[in-house]
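Note that subunit A is present in both complexes that follow, paired respectively with subunit B and with subunit C.
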Partner chain A sequence: MDQLVLDLTPTPLPGFDNFLAKRNREIISALTDTAGERFIYLWGEPGCGKTHLLQAWIAHAERTGRASIYLDGKAEHLPDFAREASFIAVDHVDDLAPDDQITLFSIYNSLKESGEGRLLMAGRLPPMRLPVRDDLRTRLGWGLVFQVKALSDQDKLAALKQHAAERQLSIPDDVFRYLLTHWRRDLGSLLGVLDTLDRYSLALQRPITVPLVKTLLQTTRSEP
Partner chain B sequence: MTELDQIWPACLARLEAELSSQQFNTWIKPLSAETGEESLVLLAPNRFILQFIKDRFLGRIEELVGELSGLTNVELRVGGNMRPVAPPSMVSNTPRPAPAAPSTPTVAEQAKQAAVKAIGSHESTRLNPGFTFDSLVTGKGNQLARAAALQIAENPGDPAYNPLFVYGGVGLGKTHLIQAIGNHVFQKNPQARVRYIHAERYVADIMRAYQHKAFDEFKRYYHSLDLLLIDDIQFFAGKNRTQEEFFYAFNALIEGGKQVIMTCDSYPKQIEGMEERLISRFSWGLTVEIQPPELEMRVAILMKKAEVDNIKLDNNVAFFIAQNVRSNVRELEGALKRVVAYARFTNQSISMELVKEALKDILAAGNRQVTVDAIQKTVAEYYKIKLSDMHSKKRSRDIARPRQVAMTLAKELTQLSLPNIGDAFGGRDHTTVLHACKTINEMRTSDPDIAHDYDALLSMLRN
Partner chain C sequence: MLILQAERDALLKPLLAVTGIVERRHTLPILSNVLIEKKAGVVSFLATDLEIQITTASPDSLPGEDFRLTTSAKKLQDILRAIPDSTVTLDSQDGGRLVLKAGKSRFNLQTLPADDFPFVAPNGAAESTFSLPQRDLKRLLSQVQFAMAVQDIRYYLNGLLLQTEGDQVRLVSTDGHRLAFAAASHDGDLPKTEVILPRKTILELYKLLQDSDELIQIELLNNQVRFSFGSTVIISKVVDGKFPDYNRVIPLDNDRLFLIERLTFLHALQRAAILANEKFRGVRLVLKNGAMSILCTNSEQEEAEEELEIAYDGGDLEIGFNINYLLDVLTNLPADTLQLAFGDAGRSALFTIPGNSNFKYIVMPMRI
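Showing the complex of A and B:
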């Protein structure tokens, strides 16, 4: 019988400080600049950290007492009341349904007209190649546009270590390196497998080692 | 005299063949003709069209008239009965607000008051004070529209320009232009009831007013304006209730000599899902187009923007940005913002090197190479012909035309030389390519189908 695992994992909130920013420092500076551009669009390949940045930005806004909202274009319809917030983050802009594109367009216009509030959006493609309605596409390119650069293997290694440390896991280095060469290489998947490993090792009551990782990857091979 | 009656229709037919449909519809079609003893009298619906005809087309019209009839004199006047003075539908349908209705508020629920507030708090114009004629950069693409806008700003409500219908692609400055009119009118007369609204908001406000039974207030408010600026009217498409309501508001305002100004992403007749009676009313006054800015204008826009924001920008740097960001004014401004942010972040002044570094990702994304193969494949699929027909010797129209379209796209989207393009299309001569480009580019201005196909293919290939 499997050991049951209590869900007690401490999950830290995404923040700017746990975003590996070496190559993306300029973005953080723009996101935290209170006098800067109010409309920012981030693009980059999946797993480069866009969602993390959006959520960190929202958490930052909440800490400073602003009404803020995070919306995921892939998961839900954009609610019209979102325009009442003063910090609005819209993730996965490429996946917005036609009606939601109009809602975002309208939110953009209200914020622009009112001269207040901020809008942070993210998608996989640069504005001019986004498959959304023209009037929205050009507006995305109107503000500040940044490409979120993918992490190098060194960066990913550091991120994995930091992630493990925050969860108080002790994992030998060769496990990280093994993951980097044998698993999907985007950070989201890598961090995900680390959490799975954590639960797996607890359930089996075995420490996290390369052989354990191998067993896990074999049993979940079909998954990714 | 029957022969004389035929002069203008014959002349029209010739002009229609010579000019682009755009030019013909905007300038020539609104004219009506009367034949005098020795001359043909052309009536233009307003001074603006008259002036434009005089500058651009009168010479050619005189030639044609001479050729067709022997008449030597063509006279231009303002007049004609382009506008139905009071269409019957308007008289019977226009609901008038009760003149002496007591204005004391009834015991309305809070929701209603909120809805009324959404309408009635429009004491403010909702104009952006930064959008003025001074800050509007003028170039070939918008000089006509600007000239018309200035006239209206000086004389709002002049029937010759009422309504003003401004159309053009996204991000070209339509909103700036119409708000400049609003700001000018408001500055001259702060008592004027001016209101700018985006069509999408207008639709939402109507729905809200309905839900909260605040509809009379909504109506009263919109019918009482002196100047209504409504942006992106294409958002009314398919919204029947909104269209009906707008129809009444429009009639009330125009009848009362109040100015109505609209923008749209297309020519009135091309808006899909819009009632015929509205479309025809949109063309009552003046319809002007805004076209994408050419290089000099893009440079000027950047210099102006830099000046407003107090940024030191060298001409050659502005030139570089303008050369690389061509699509529309928004992306141009976005690129400048990126440069400025990068300069601030790295604490450097704006130099050519810095600009290249800051725009690296934007430039790389925009310069994604399109290959001739991709163009041929896309075009063949689009027209449902065989890919091999791109290289074949067949010259039937249904194959040759798509092939010409593909060659023109290859010239526009790749850096290949014309002989190279010819080679890629089954070893054709470069003059064949040249001829194809010329033909297609001419057809794009005269044949809406080709224009549409070409634009659709262009955006497919760019994405």
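Showing the complex of A and C:
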């Protein structure tokens, strides 16, 4: 029988302050510049933090009272009403279905014509190599384009420590190093496994140690 | 030189009040000592582990000169306990020895200089001060202290949240599996403040509080809290951390409700618990309209089953719990009747006292 645990700590919203890679600072200043470019495209390898940036940008827009919407090209069809929002984030552009590419192209054009609103897009590849319609591909390259640089192990270690500190967890350093070498390399998965560890250790009322991590990884490795 | 002559109990009682916090092993040897100080006829005892400091005075004024010394708290306590109730004398001798005599017994003890004793100094002026009868605080503590975590890596769980706001004093504790909330009204307008009191402080305080109308004064200092009651003063550090927002875990839409007699439920659980699994402590509650069954099985496939008639018509539900979490609340709840509110087998259950919003207990189920 497994003890279930109380949901004591809310998951913090992605924010620019917990996206800590210093090398990507110019992206954050471009995203938060109110007078800056309205069309921005981010690209980089999976797990480098694109989704986090998109969601942080949306949270930032909501805090400033803008109608905003986050769309995941991999998981859903782009709804036509999205163009009503003034801050639109489109994730996983390289996975857009042909119909959705048309929708995005039309959203782009209506924003361009209206002279208002902002569009932030992200994908794995630079615009010129994206497997999308020619007209969309050229539009993506017209705005600002940034490569999101992958986090170094040092960055990931710092991110894990910060994540643990936000949850007021005291975890020995060897646990973080173990996770970096034995778990998936992208930060999202690493932070996710830390949350799982948090609940697991709370349910068992045991400290988070390397042996506990090993037990957890053995039981979850079979699941994706 | 004779420095003190007193009845055994005049020394043993205040000594016992402070020695509970003395750690057996400490890197600083003087911390296993108790500081005994006599000033203007009053003998006071003080012990600390650097996190908590307790001082208390003997009730009667005693003749003789002023003095200060420190000696092993544990040994002094064991000696005073072992000797018959009679007059005890303390002699201070050259070379820092202390001689304790009672009847035909004689003990020669080591001392350490009182000037080397590390005090916990109060940190600034009180940010908030309030008093309530010792009995009330003791009752509140008894309703929540059992849900504190033990040595959790989340330091904020190893303690108890003390919150004041307006005319309310609230105590909350949780170990992540269950959460206990108790509140009391207080006449006066208290500022909105909160601190987390360490587990050790709470257990010690609970032990020392009397079941009386005498007041205890509580002062929230900078990163410290001070409790003053009778001749006892406790200064404790507070736990550094943010206590979770307990309101977000109180279930509001649990609609399978019924009332139950506390003792009936408690006794049925106590019987069933005899055959509960020793490691997992699981109990299954099976609700049907009009009845609740309580089922325990252990690793040897032994089974206990209890059935209680209840006024319930919320439909079938089977839900598992750690039986200790149910026994804890039923043992400590100050009411004859309580209300149970369930959602489904994966969601928390809420225990309340009908017509009383000052107590809440939320417990998460076990997956059966």
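The criterion applied here is as follows: the second predicted complex is superposed on the first by the 221 of 224 C-alpha atoms of A that agree within 3 Å, B and C clash if a C-alpha of one lies under 4 Å from a C-alpha of the other, contacts with A are read in each partner's own complex, and residues count from 1 in each chain.
By definition in this document, contacts are C-beta pairs under 8 Å (C-beta built on N, C-alpha and C of every residue); 3 or more make two chains touch, one makes a residue touch a chain.
The model shown is predicted, which means the values in this text are computed figures rather than measured ones.
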Partners on subunit A (subunit B, subunit C) - clash or fit | fit
Check whether A:207 is in contact with subunit B, with subunit C, with both or with neither, and answer first, second, both or neither.
-> second
May I ask you to decide whether A:168 touches subunit B, subunit C, both, or neither, giving the answer as first, second, both or neither?
-> second
Comparing the two partners subunit B and subunit C, which touches a greater set of residues in subunit A = B
So, A:126: does it touch subunit B (first), subunit C (second), both, or neither?
-> first
Angle at subunit A between subunit B and subunit C, C-alpha centres, nearest 10 degrees = 170
Tell me which partner A:106 touches in the superposition: subunit B (first), subunit C (second), both or neither.
-> first
After lining up the shared chain so the two structures overlap, which partner does A:28 touch, if you call subunit B first and subunit C second: first, second, both or neither?
-> neither
Overlaying both structures gives a minimum C-alpha distance between subunit B and subunit C, in Å, of 38
In the complex, subunit A residues that touch subunit B = 26, 29-30, 36-37, 102, 105-106, 109-110, 113, 125-129, 131, 134-135, 137-139, 141-147
Under the touch definition given earlier, write down the residues of subunit A that touch subunit C in their complex.
-> 1-10, 167-171, 201-203, 205, 207-208
So, in the complex, the side of subunit B touching subunit A is made of residues 126, 128, 169-171, 198, 200-201, 204, 232, 265, 327-328, 330-331, 333-334, 337-338, 341-342, 345, 361-362, 365-366, 368, 462-463
Enumerate the contact residues on subunit C facing subunit A in the complex.
-> 149-150, 152-156, 174-179, 241-242, 244-245, 248-249, 277, 280, 282, 320, 322, 346, 348, 362, 364-368
